[in-house]
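We call the chains A, B and C, going by the order they appear; numbering starts again at 1 in every chain.
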C-alpha cells in the first residue's frame, strides 16, 4: 500500500501542492487589486499558445508549448490593456473580449491539428492529467534517496519547484512595492515605487505560474487556485503576512484533500474508478471558501455592521 | 464559394437555414441583453453563468441516463444547466452582499469551482457508460452539426421569445442602466429589473450553449455590445446596434460552420464578431483608433500653438520642443525662439482673448459658469461678436485708468 | 502696481503677468509650474497654468468642483500625463527630488479594507529610507510610532486601518507623510469628510510642519477657513484665476471669477478678505 502510494500518488500530490501554492501566492495580489479575472484570462488563452506552438514546432515537446503558452498569456495581457485604453472599454468587458477571442482561435486551431500528424486533446488541457504523473522507478519510500530513481521523477515536479521558487523570490524582492502599489497607487507613484512596472511584473509571473501549472494540472484548477485560497484568506485575517500564510495553507489543503478525494473517494463509496483530481481540487478549494464565508472571523470587513462604531473614541 | 453564397441566401437546405436563422436570432438577443449588462458594468457575470452551467448539464445527463438510458435530450440538459447557473448567480450575489469579497473574486471563485465540480461529474459520466457522452463535449465548444431539426427549432423559438421579452423590457432596462436613482424615483423596481436582466442573460446563455459552447457564448454577450459602443454614446441605440452586430456575426458564423461540418460554430461566430470589433475600433469615425488619434493629435497641436503664443506675448522663453517646432512651422518664432512680428501679433490676440474671458467671468459669473471656453480655441467660438465688442470697450476703458 | 493697495481692482491677468515675470527668479521655489495643460479626452481640465509656489508658504489651492485642483497636483507629480508644461521641484526635475516631496492622496482613493495595520501604512512613508530588498526594522518602527504620536494615534498603531473613522484615516495618511521627512507637503483635500476635532488636529500639525520651514500645499474646499489656515492661496478654474498672499489674492472679485454663479454673493462677501 505504502509503496503503491509512492509510485502512484506521491508525485501527483507533490506536483499538485506546488502548483496550488505558486498560484495562490500570486492570487493574493490579484484578489487585493481586484484583478482576479486576469488569472481567468491568462489560463484560458494558454490554449491557443499551446496549439500554435505544437503546429509550428510539429512536435508534442513541452518546451515549445510552454513558450507558446507564456507568449499567448503576455499577448493577452497587452491586448487587454490595448482594448481598455484605446477602446475606452471597462476592464471586465475588455477581459471578456480578449479571452473569448483568443480561446476561439485556440479551438479553431485545435480542429486544424486533427488532420495533421500531431494530436492534441482539448480535454487534457482543461482537466490536466495529474493522475498520470506517476513515478514508476519510485517503488518505495527509499527511492527518495536513490539517485537513479530520482532521475526518473516526472519533469513537472522540478519545473514547478523552480516556478514556486521564482514566484516566492518575486514576492519577497518586491514585497514593499507590491504592497504599496496595491494599497495606494498614486502614493506609490509619487515615491517612485513604480506601481505600473511592478503590476506588469505581477502579470508576467501570473502567466509563468499559470503556464507551468497548466501543463501539469490543467487550466481550471489554475483559475481556482488564483482566486479561492486568497479569497478565503481575506475572510480570515486583516494582516498581510497572515493573508499570505492562510492562502498557502488553504491551497495545500485543497491540493491534498482534493487529490485524495478524487483518487480514493469513489472507491470508498463503492465506485470502481476515480474522478478528475484537478476538478476535485478546485471543488475542495470552493468548499473551503464556502465554509470560511460562514465562519471566517474577518468575513465582513469594514462593510460589517458596527465596524466604525466599534472603534473606541479617543 | 458557391456553397457559401447559396447558404447566405437560404438555398442550402432546410436545416442550414433554420440553424443560421436560429443563430442570428440568438446573436441578436445575446447582443441586446449584453448591451444592458455592459452598461451595468457587469459583463463578466455572463462568464460565471456559462461556466456554472456545467455541473447542471452533467447532473441532468447522469439523471436522464439513469432513468431513461439516454442522457442527451436537449430540453432536460437545458433545464439542468439553467438551475445550476441560477445557483451560481445566487452564490455570487450572496458573496458580494454578505462578505467583504469584491465582485471579481466572487465571480472568479464561483466560475472556477462550479466548472471544476462539473469536470468531476464529467469524469463520473465517462466511467458510467462509454460512448454515450459525446453529446456533452459539444457543449464545451459548440456545434450545430448533426443537430436535430426539433433542436434547431427549439433554440430559434426560445431565442425569439427572450428577444421579445428584452424588447418589452427595454425602457426600464435603459432607465436602470442610465441612472439607478432616477429610475427608482420614476417608480421602476431596480432590484427586480436587475433580476430580470440577469434572468434573461441566463436564459440566453443556456439556449446558446449548444450553438456556441460554454466559453464562447460569453463572447456573444460581450463583444457585440462593446463594439456597439464605438458607434454610439447614447444608451437607446446601443442595444439595437449590438443586436445587429450579434445577428450578423452569428448568422455568418453558422453558415461558415455548416459548409465544413468539422468546424465548430462557436469559435467562428466569435471570430466574425471580433473582426467587426477590430474594424470598429480602428475605423469608427467617433472613437476609432485612426479618427480618435488624428483628433487627439490635432488637439495637442492646437494646445501647443495657443500656449506657445500666450507664452510669447507674456515674454516667456518657450522650453517645450514640440511647442517650438509648431510655432516655427507657422512662422511665429525664429529659430532662436524669438517671436517674429507675426508671432507677436498672434500672441497679443491670444492674450486679448484671455483678458476678454477673464472680464466676462467677472461681469457675468452666472453665464460664464454655463459656457465652455477652455482657451484652446479663439473666444469668438464661444461668445457672440457684439458681446466681444462690448468687452473690448470695457477693457480699453480699464486700461485708460491709472 | 495697483494690486497691493486696491484689491477691488485686481485684474487676474495682471496678477498672472506679475508672477510670470518672476518665474525664473525663483529656482529655489518648492514647486514651479509653467504652461501646464492637462486634458481628459479633448476637454482641457487645466489650461496654461503658470505658478510659482513661494518658499515656506502655507498654500490653499481652491476653486469650484471640477476646476482641476487635484489634477494640478497629480499632473505636477507626473501621476496623470500632461499635454504640455514644465514642472520643477526646488529648481530640479521632479524625478530627481522625489524624496523632498510628501504627497497625500484623497482618502477615498484607496481601499481601506486592505489587510494592513495603521503602523504598516505609516511605514510605507519610509519606503526610500528602508531601501531596496530590505524590510522595516526596529528603527523604522520607532520612527513611525513617533509620527503616529504627532497626530495623536499612537494607541491605534496595531489596529486594522478599516476600523478607523474617516478622520483617523486622514491622520494616518498625515503620519505617513510626516514619516517621509519631506520639504514640501502636498495634500489632496485633507479635510474632506473629517470631524471638527480632526480638522483642528490636522491643521495644527500642518502649521507645525510649516513653522519648521517646510512648504505645505492643500487642495481645500472650505472657503470660510482659508484666511485662518493659510498664508497663500492659488485659485484655479481651468485657468489660474489668481494667486498670492491671502490678504491680496483672496478677494471678492477673484472668488467671483473663479466660482462664477456657483457662489452666492453673500457668501463671497463673508469669506473674502476685504483688503487690510
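Operating definition for what follows: contacts are C-beta pairs under 8 Å (C-beta built on N, C-alpha and C of every residue); 3 or more make two chains touch, one makes a residue touch a chain.
Note that the structure is predicted; figures quoted are calculated from it, not measured.
Under the touch definition stated at the top, subunit A and subunit C share these contacting partners: B.
Inter-chain contacts peak for the pair A-B, counting C-beta pairs in contact.
Placing every chain at the mean of its C-alpha atoms, the farthest one from subunit A is found to be C. Centre-to-centre spacing of subunit A and subunit C amounts to 43 Å, using the average Cα coordinate of each chain. With centres set at the average Cα position, the gap from subunit A to subunit B is 29 Å. The geometric centre of subunit B is 38 Å away from that of subunit C, both derived from CA atoms. Residue numbers of subunit B whose C-beta contacts span two or more other chains: 100.
In subunit A, the residues touching two or more other chains are 234, 301-303.
Each of residues 113 in subunit C touches at least two other chains.
Across the interface of their complex, subunit A is touched by residues 74, 77-79, 95, 98, 101, 103-105, 109-117, 120-121, 124, 127-128, 130, 133, 135, 152, 155, 159-160, 162-165, 168, 176, 180 of subunit C.
Against subunit C, in their complex, subunit A makes its touches with residues 32, 173, 175-176, 179-180, 182-184, 186-187, 189-193, 234, 237-240, 242-243, 301-303, 307-308, 310-311, 314. Looking at the complex, you find that subunit B touches subunit A at residues 38, 41-44, 46-47, 95, 98-102, 104-124, 127, 137, 140-141, 213, 215-216, 218-219, 222-223, 225-226, 229-230, 262-264, 266-268, 270-271, 274, 277, 281, 287, 289, 292.
Only residues 2, 11-13, 16-17, 20-21, 23, 34-35, 37, 39, 42-44, 47-48, 50, 64, 83-86, 113, 238-239, 241, 253, 256-257, 259-263 of subunit C touch subunit B when the two sit together in their complex. By the touch criterion given at the top, residues 31, 34-37, 39-40, 44, 83, 86-90, 92-97, 99-101, 103-105, 107-108, 111, 114, 122-123, 126-127, 220-221, 223-224, 226-228, 230-231, 234-235, 262, 266, 271-276, 278-283, 285-286, 289, 293, 296, 298-304 of subunit A touch subunit B in their complex.
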